[in-house]
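Some structures to go through are shown next.
There are two complexes below, and they share chain A, which is joined by chain B in the first and by chain C in the second.
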Partner chain A sequence: MHKDCAKTYFKKPEFYRLTGENNYVRIDAEDKVTGHGQYVGDIMFPDMLTGRMVRAPFAPARILSIDTSEAEKLPGVKCILTPKDFEWKHKVGNGEFAAEFADKEVLCTEIVRQVGDDICAVAAIDEETAQRAVDLIKVEYEKLPGVYDPFEAMEEGAPEVNWEGKGLHNIGMQSHMCAGTDIDEEFNNASYIQHRDYSTHRMVHAAMEPHGAVATYRNGTYNIWMSTQMAYVDQFWYAKCLGVPENHVRVIKPLVGGGFGGKLDSYSFGLCAAKMAELTQRPVRMILTREEVFQTTRNRHPIYMHIDTAFAENGKMLAKKCYHVLDGGPYGGSGVAACAQATLWANFPYKLNSVDFLARRVYTNNPAAGAMRGYTACQVHFAHDLNMQYAADQMGIDPVEFRKISAADPGYVAPAGLHITSCAYKETLDTAAKEIGWYERKDKMKDGEGIGFAGTGFVSGTGFAVLEAPNQSSACVQVRLNKRGMCTLYIGSHDIGQGSDTVMTAIVAEELGLPMDMVKTFMSDTFLTPWDSGSYGSRVTFLAGNAARRAAVDAKRQLFETIAPIWGVMPETLECLEGKVISKEKAELQMPIGDAMFKYMTIHGGDELVGVGSYYHRTDNSQYNGENTTNYAPAYSFSTGAAHLTVDKETGVLDIDEFVFAHDCGRALNRRAVEGQLEGSIGMGLGYAVYEHNITKEGKILNPNFRDYRFPTALDMPKMRTFYDFTPDEEGPLGAKEAGEGSAAPVAPAIANAVNMATGVYFTSLPLDPEHIWRAMNGMEDDRHSK
Partner chain B sequence: MVLPQFEYIAASSLEEACKLLLEHDGKAKVMAGATDLIPPMRDKVFTAEYVIDLKKIPGLDELSYDEKEGLKIGALTTLRTLEHSPLVKEKNPAVAYAAKVIASTQIRAKGTLVGNICNASPSNDSAPNLLAQGAKVNVQGVDGTRVIPIEEFFLGVRRTALKPGEIVTSVVIPPLAEDEKAAYMKFAVRKAMDLAIIGVAAKIKMKDGVCTDARVALGAVAVTPILAPAAAAELIGKKLTDEVIDKAAEAAMNSCSPISDIRASKEYRKEMVRVFTKRAVKQCLEQY
Partner chain C sequence: MHKSMINLTINGDEVDAVVKDNLTLLDFLRDQLGLTGTKKGCEEGECGACTVLLDGLPVNSCCTLAVECNGREVTTIEGLARNGQLTPLQRQFIDKWALQCGYCTPGMIMSATALLNTNHHPTELEIREAIEGNLCRCTGYAKIVEAIQAAAAEMNWEEA
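Presenting the complex of A and B:
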C-alpha cells in the first residue's frame, strides 16, 4: 500500500487509548520472567547433535593441509565438514545489490584472514565429543605477513588482505559525500577555522545471549532456528551458499537475548549446522562460546577521523570537511554500509552550507568489524561533537548556545539531500542544560569538576532494504480478523529484546480498538510471516510500525465499508474503540467488534477479513554506490546528553554524579520501553566512553571474556534522568520516531567533554579509562595498546 | 569451552583428603568453593586427573574469635560469610571489606578466603590484609599439622609453601589491640566483578599520637603479594603528618616493580601504590 492511501482511516490522537494511557505490559513478559521463553539454546530435539567449529589460531595464513582422519575415528562423531563442502558455492555478504562483492567464504579454502576464521565444522553426539574431534583435526598452516593498521594497509606494497587489485589498495569500500556551496570559498571567508584529529577504539556488543543456531533438514527443507536480527537476509544467503532456492530454507527467529548489530551477519556456524543436519539427517545445534563471540563475530569499527571546520564570526558553522578511515578487518558483510553512514552522521545535527566528507573502509587482519548500535554514529558523533566543543571554547561562546546557533530546525533540507521533518534538537539542548543545572553551576565549578554536553542526530528508519524489494519496501504486515473479532497479526519484524513485538501488537490493538490479548502475534519466520528486512537502522518502530498500522487500517476500512451502509452512514465516520465499532457522529450507532465481524463474514460468504500493510522509504543505492546525496530516512531523531562529573586527579577515576538524557523520539508509544532504551544507551555509552576496549595483538583479542573486557556493572551506573516528551512526528506511527540506537551516540562525547572541562586536557581518543586520563594529565603518551 | 574429564572424590576426613592428595601428587587438586578451580580447568589453564572435595569434611567452616589468638577462618568459610559476619565486621572490618570487594555475590557465596590464598594469584584481595596483620596459616599433612607464617606462604604465581599431601585447614589473624587499626584499599576499574590493578593493606599502632608499629602490604605488584617494610619504616616512631605519610607512600611505590599487562601499565601500578598507600594509612587514622 502506498504510504498515503490509508490515512483517511488513521485513528486520531483523541481516540488513542493503549498508547495514550501507556500502561500495558510486554506480550512476552511472563515467559521471560518465569524462564519459559524459548531462545535458541532452549530448543531441544531427542536425537540432536552438537556442532563445533575448527578455527584458525592465527592469521593471516595459507592452509597447506587438513587431516580429519583421527577425528573421524572418534566414536560419536557423526559429521565433519571441510572447505570442500562449500567451495563450489557462493561467498557470504550482506546487501543483495552487492552480492557479487560478497567476500567471506563459508569455510576458508586457502587463505585464512583473521584469527578464528572458520576452517572446518564437526557434529557429534555431545559437546565433549565434538570438542575432542575439533582438537583431533590437524590443520597445517604457513604463516603469512599481516597488516593490522588501516593506514599501513592502504600503502602500496602492504600485504593484500582480501582485495583483488581493484581500486585503491586494500580499500573495500569508499564513500564520498560532497554537496553545497563552493567549499574553498566558505573556508576562505570563514573567521575561524580548525583542523582536528580524533580516534576511537574497538568495542563489542556483549549481548547476553551468545550467537547460536539449531538446524534440521526435513522434506528437502532446511529449518534453521537462529539468534538473528535478519532472518530473511539469512534465508537469502543460506540459499545461495547451500546451493538451493529460497523455498528450501526456512529461518525462524525465536526469542533473542540482545543483538545490538552483532547478529546481522549470516555467519558460517549456522550454515555449517544446516549442512550437517542435511548430511546426518539429524538436528544439529551450534552455540558459540563467549570467546568465539568476541573473536569471530563482529565488533564496532575503530575509526580515525580528521575534521576541518569553518565558522563565521558569530559562531555559525559554515562548512566541514572530514576524512574517516575505518578499520574494517578482513570482511565486509554488515560492515560495508558503515562507510557511507560514517559520512551521513557528520551532517548531524547541524546546518551547513557545504560538506565534503570522505570515508574509507580498509581491509586489515584485525577481527572483522560490523554494525553496532548507532552504526558508526557513536564514533563519528564522538569526534564531531568534541570538535564542536573545542570550537565553542576557542571562540569563547557558551557551549549550549554555540550548538544552538547551527542546530538543525524542523523542515531543514541539508546540502546532501537529507530532509528533516520533526526536529526538537534545540529543545533537547535546552532541557539537558536546564536539568543538569548548567546555568547555576557553570561559574562555580570546582577543580576537577566538569559538565559536558553532546548533541547528535540519527536516522529513524533507514530506507535501505538490504535485499532487492519492490519500491525498496522493507516491511510487510498482515492482519486477520475472525468471527469473534479476534485478531491474528503476522509480522516479519525482529524483536531481539527491544520489545518490538509488543509495540507492533499495541499499534494494531490501538487501531482496532481491541485489548492487547485480543491480538495474537506471530513473528519472524520466513515461511509463515511476511517479508521484513530486519532489526537495524532504527527502522522497526517507524517502518514496520507504520506497516502494522496500515494493515490494521486496511482491515478496519473493509469492516467499515461493510457496516456503514447498514447504518446508512459514510464508512470514514466510523471508528473502532474499546472493543466496539462506533459512529463518531451518532452515539447510538455502535456494535461489539465480534458482532461486526460476524456480520461481515455473513455478508462476504464466510470469508474472514484480511488486512495488509507495508511501508517503504524511497531511497536508492546511491548512498552506497556513487553520489551519496539522498534522503536516507523518512525521519530523524535528535538527542542531547549531559554529564556532570568529577575526576579524581590522583587516579584518573571518574565519579559521574548524574547523566541527563533528552531524546527527541516523537511520541513515545511505550514509555517504559523508551526509558529502558535510553537508560540502556547510557549504560552502553558509558561502557564505550570509559570501560570497554578490545585489546588486540596481531589480530587476536587479548581480553575475550567478561573478566578482562570490563563493561560497567549496575554499581558503576550513574544517576540517570531521561526526557523524551517532544513533538510527535507527522509521518511516524502514531507520531513515534526511533528511541534505541541514535540515543547511544551522545553519551561518550558528553562524558568526554565533561572530562575535558574537569582536567583541562582536550582528549581526542577513547576509551577514557582511569589510566588514559591519568597519563594525559601527567603529559605522558598513552602507548599501552599500540599495535 | 568443555570441562575436561576428571575423577571427583568427596573426602570424608582430612586424613583421607591428605592421603589422596599425596597418593595422586601432581595430578590432584583440592576443591572448596571451586571458583578458582573449575573455570581455569575449563579454559585449560591447568589440568587435574583428580579433584578432592573438602566440603563433606566436618568442622572446616569455622569462624571464631579468641581474645588471645584472634580471628580464625576455616578452609570452608565463604567470602560471603566473612563479608556479612557481625563478628568479623566488629573485630576486623578490613577483612570483611576485603571479602566484599572480591568478584560477585554469587562467587563469594561459593568461594573461600583460604581458597583465595591457596590459588596464590598475585592480585588476590585476601592476602594483603593477612600480610599486614601477620596471619598464620594452619596446615594439615599426612604426618600431622604445622603452622606457616603468611610471610612464608606465597612462593610465586599459583605457587605456595604447601608440600605434597598438605591442605590448609584455617587461617588465624591476630587480634587488633585497641590502639591498632587496619585497612585494605582495592583499586580496580569496576566497582564489582573486577581484579585489583593494585591492592594496599596497612596496619598501624598509635601511642600518644606517635606511630609505634606499622606494616604495609601490597597486592598485584609482584609475583606474590608482598610486604613493604621500607614504607612501614617511614611511619614507625613518627607523628603521622601528611608529609610522613607521603614519604611512606613514596617508599611503598619504590619497593615494588610491577609488570605491565592488559589491565594496567607498570608505571600506573607504581603510582597507584603511592596513592593508595597514602589513602590506606589515612583510613587507619580515621578509625581512631
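Presenting the complex of A and C:
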C-alpha cells in the first residue's frame, strides 16, 4: 500500500493497545546491557586485516610524489592503496540528482584541500604494523595558499578551494527563498525595524562510537558493514567509486553507536577497506581514531547571519530578510542540503507576509561541515530567536506574548510554500512559560538571575530522498506472516541509537494486534531489506513509520478478505486485536491470528502472507535547483525551550537551575522514548550553548579529543522537565511527528536569552563559556569570531 | 616488543595468556579474548566506554596494560549476568529506557555496578559523581540516573 491508499483498514485509536504508553521495551536493549550487541568494531573474522589511512598533515597543498617502497617492504603489510587505485573513477557526493557535482576524491590525486584529507590506505596484519606502514609512506607536498574565512573566500582573487577555474568565488552552493508580498513595502510600512548580526561556531557530533567499516570481498561482491546513517546511499556511491554496478555492493548497518548527522556522508575509509578486501581477498577492518573522527569526518557549520526584520506596531512580524554565510569547508556532501535548509528554518515558527532569505555555503580550507542534528536549525534558530527576543525587549512586549503574536497556527500556509498541518507552537509556549514559573517570577528576578525562552520549528519527514526513487518514495517496508501468525518485518530504515527499529516494530505490532515478540525485525541491509533513504531530516518515524503501518495494513486487509467470507461478514468490519482477528460488530466472531493465518495459507495453496507499504512526500527539489518554494515536509514539529539560570557576575560561570522543554511531536508512540530524545537534546544543546567549541588553526582542529573538547557529563546537566502531550497529527503514523532532531534547536537560544536577561548583555555568538560572558560583561569585544 | 606471560581471572574464569607488554587491557579483552562488550570510544581515558572492574574498582581498560592485570581479577559487562539472569541494574537500564545508541552502556553499567557494590544507598549526587567519567551523547543522563536509583532501591528491598 502506498501513501494515497484508502485508509479503510487503518486501526482506529480506540483499538490502540501498545503505543502511546510504556508498554514495551527497546528490541535491542538486552543486547546493549549485556555487551552482546554488535557494532562495526565488534565484527571479527579470523583472518581479518587492519586498515589505516595516510592523511594530509596540512592543507591546502599539491602532492608532488608518493613513495610507498619502504612501507611495502615491512613484513605484515598486505596492501597499500594510492590515488591511482581510484583516479579514473567517480568522486563522492550526496544527492543523485547532482551526482555530476560530486566534489570529493576518494584519495586525493593532486590537490589536498583539508587537513586530514585521504591520501593512501594500508592494510596489515595488525594495527601496529598498519600504523608503522603509514609512517613509512613518504608524501612530498608543496604548500599552497589557503583560505579559512568564508567572507575572504568569496573575495575576488581568493585562493580557489574546489572546482578550480569555474569562477565560483568558492560559493559551492547558494539558496534563495523569496516569496510573499512586496518586501520593500512591508519594511516601509513597518513601525519598528531592526538589523542584527549573529554568528555560531564549529561543533562536532561526538557520537560515542567512532566511524568504521569492515569489508569482505566474496563471489564478486563487496560486503561492507558500515557505521552509517544511509546504507543505500553508501551503496550508490561505493558502486560508483569502485566502478561496479550496485548489485555488487552490499552495505549492512550493524548497531550504530550514535550518528547525529556525522555518519551521513560516504567516507573514503570505507571505500578503501572494500578495495583492500578485494585486492587481498581477506576481510579488512578500518576504525577511525577519535582524532580522525574530529578532523576528517564532518562537523556543524559555523554560520554568519545578518537579519533585517520588520514589525507592526502591535508586535506582529511582517517581513524578514536574512543573509546566511555557511563555512562549508572544502567539500559538499551532506553539507549541500544545509544551505537550503538554512533558508527554510528562518520561516519557523512564525507567520510572515514576506520573506527574502539568501544562504551561501562557501568552500574554505577548514574541516568540511555537514549535517548535524537539526541540519543548520540549531544555528539559524539561535540567531532568529535571539532576534525575536531583542525585538520583544525593544518594543516592550512580554517575550512569551510577543512570540505568540506571530506564532504559526494549524493549517497555516507560508508564502514560501510550506503547509503546516498540526501545530501546537502556542501551546508549547504557554506550557513552558507556566512550568518555568515565568509569570510569578518575572517581576521578582534577582541580580544575575535570568529566564529565557526560545521557540523553534522543524520538518517532520523531509521529502528529499537523496537518491532518485520511483514515485519519489523514500521508504518501503515489507511484512510477512507465517502459519503461526508470527510476523517478520523487513525495514530499510536506520536505527542509529534513537530507537527507530523499536518504533517500526511497535507500529506493525499495533496494527496487527500482536505482542512485540511476535514481530521479528530485520533491518538496514541493502541486499535483504527494502529501499529506505536513511536517517536524516527527521524522516524515519514519519515516512518509514507510515510505510511500516501501510505494510501491516496491507497484510491485514488480505487476511480480512480471506476470513470475512468464512464468517459471512464484510472485511472492513474485522480488526486485529490482542492476538486475534475479531469482528467489531459480532463479539462471538474471533479467531487467534495463528489460526487465521493457517486458514489463509490453506486457502491460498500454502502461500505465506506478504504485506508491502511505502510512503513518500513529494517535493519538486526546487530547494536545490530553483525557486526554493516547495513544501519541504508532510508535517512540522514545534518546540519551546525555557531555561532558568543565574550568572556569577564575578566569574561569568552559569548555573542552570532548570530547563523546561515543551515539544509538539503529535502523539508520542512511546513516552520514555520521546523523553529520552528531548533530554538528550537538552544535553547536546547545552554543550552547544556553553561547553563545546572546535578551535582551528589553518584548518587544523587543535582540540580533537574529549579532554579539550568537553561535552556535558552527568554532573553538568540541569534539572529537566519535558512536556509533549499535544495534538496528534492526522497524517503522522498513529498520530506521531518527529521528536529527536528539531528538539535540539531551542536549547542554545533559550539559554542565551536567559543569560541576556541575567547580564543585560545581548550576546550574539556562541558558546557562552565563562570567559566569553565575563569579557562581555566587562565591556570587552568578543575576539573569537572573525568575519 | 617484549612479551609476558600473564595469569588472571576474567569474569570468574582463570585465563593464561602471552601478551605484548604494550597491549592494553581493552585490546586484550576485545581482540585476544573476543570480549567485545567493552567498547572503544577514545583510547585515551576520557570517555569511559571501556570501563571494566579491576579487583572490583572501575578502571579505563584503554589506559590499563594487560601485563598490569597479572594475578588480578577483571570483570567485564559479559560477566555480570549469572545463569541467564540479568542483574537488577541491567534490568532497570532496559525498563527505564536508560540507553539509546548503547555504546556507553557497558561502561556506564560497570561504573554504576562498582558504586552499588560499595554504596547501597547512593544519593543522586553520588550517582552522578560515579558516572561522571562515562560520557553519554544520547540521553542527557536523566534516565540513566533513574535506572541506577531504581536498581539501588530494588537491591535494598531485596536486602530487607
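Here is the rule we go by: the second predicted complex is superposed on the first by the 773 of 787 C-alpha atoms of A that agree within 3 Å, B and C clash if a C-alpha of one lies under 4 Å from a C-alpha of the other, contacts with A are read in each partner's own complex, and residues count from 1 in each chain.
We take it that a contact is a pair of C-beta atoms (placed from the backbone, for glycine too) under 8 Å apart; a residue touches a chain by one contact, two chains touch by 3 or more.
Bear in mind the structure is a predicted one, so any value in this text is a computation, not a measurement.
Engineer: Counting only touches as set out at the top, which of chain B and chain C does A:D28 meet: first, second, both, neither?
Structural biologist: second
Engineer: Touch test for A:Q498: chain B only (first), chain C only (second), both, or neither?
Structural biologist: second
Engineer: Between chain B (first) and chain C (second), which, if any, makes contact with A:T289: first, second, both or neither?
Structural biologist: A:T289: touches chain B and chain C.
Engineer: A:G37 contacts which: chain B (first), chain C (second), both, neither?
Structural biologist: It touches chain C, and chain B stays clear.
Engineer: State whether A:T713 touches chain B only (first), chain C only (second), both chains, or neither.
Structural biologist: Both partners, chain B and chain C.
Engineer: After superposition on the shared chain, which partner residues are touched by A:E679: those of chain B (first), chain C (second), both, or neither?
Structural biologist: second
Engineer: Name the contact category of A:P770: first (chain B only), second (chain C only), both, or neither.
Structural biologist: Once the two structures are laid over each other on A, A:P770 reaches chain B alone.
Engineer: Once the structures are superposed on A, label A:D182 by its partner contacts, choosing first (chain B), second (chain C), both or neither.
Structural biologist: Neither partner.
Engineer: Report for A:I695: first if it touches chain B alone, second if chain C alone, otherwise both or neither.
Structural biologist: Only chain B; A:I695 stays clear of chain C.
Engineer: Decide which partner touches more residues of chain A, taking chain B and chain C as the two options.
Structural biologist: Ranking chain B and chain C by residues of chain A touched puts C first.
Engineer: Pick out the shared contact residues on chain A: the ones touching chain B in one complex and chain C in the other.
Structural biologist: Of chain A, residues 128, 289, 706-707, 712-715 contact chain B in one complex and chain C in the other.
Engineer: Okay, in this complex, where on chain A does chain C touch?
Structural biologist: 22, 25-26, 28-39, 41-42, 44, 128, 205-210, 255-258, 260, 287, 289-290, 496-499, 670, 672-673, 675-676, 679-684, 705-707, 711-715, 717, 720
Engineer: Report the residues of chain C in contact with chain A in the complex, numbered from low to high.
Structural biologist: 1, 30, 34-44, 46-47, 49, 76-78, 80-81, 86, 90, 93-97, 99-106, 109, 127-129, 131-145
Engineer: Spell out the part of chain A that touches chain B in their complex, as residue ranges.
Structural biologist: Contact set of chain A toward chain B: 127-128, 131, 289, 291, 650-651, 691, 695, 702-703, 706-708, 710, 712-716, 769-771, 774-775, 780, 784.
Engineer: Per the contact definition, I'd like the list of chain B residues that touch chain A in the complex.
Structural biologist: Those residues of chain B that touch chain A are 1-2, 5, 187, 189-195, 260, 262-265, 267-268, 271-272, 275.
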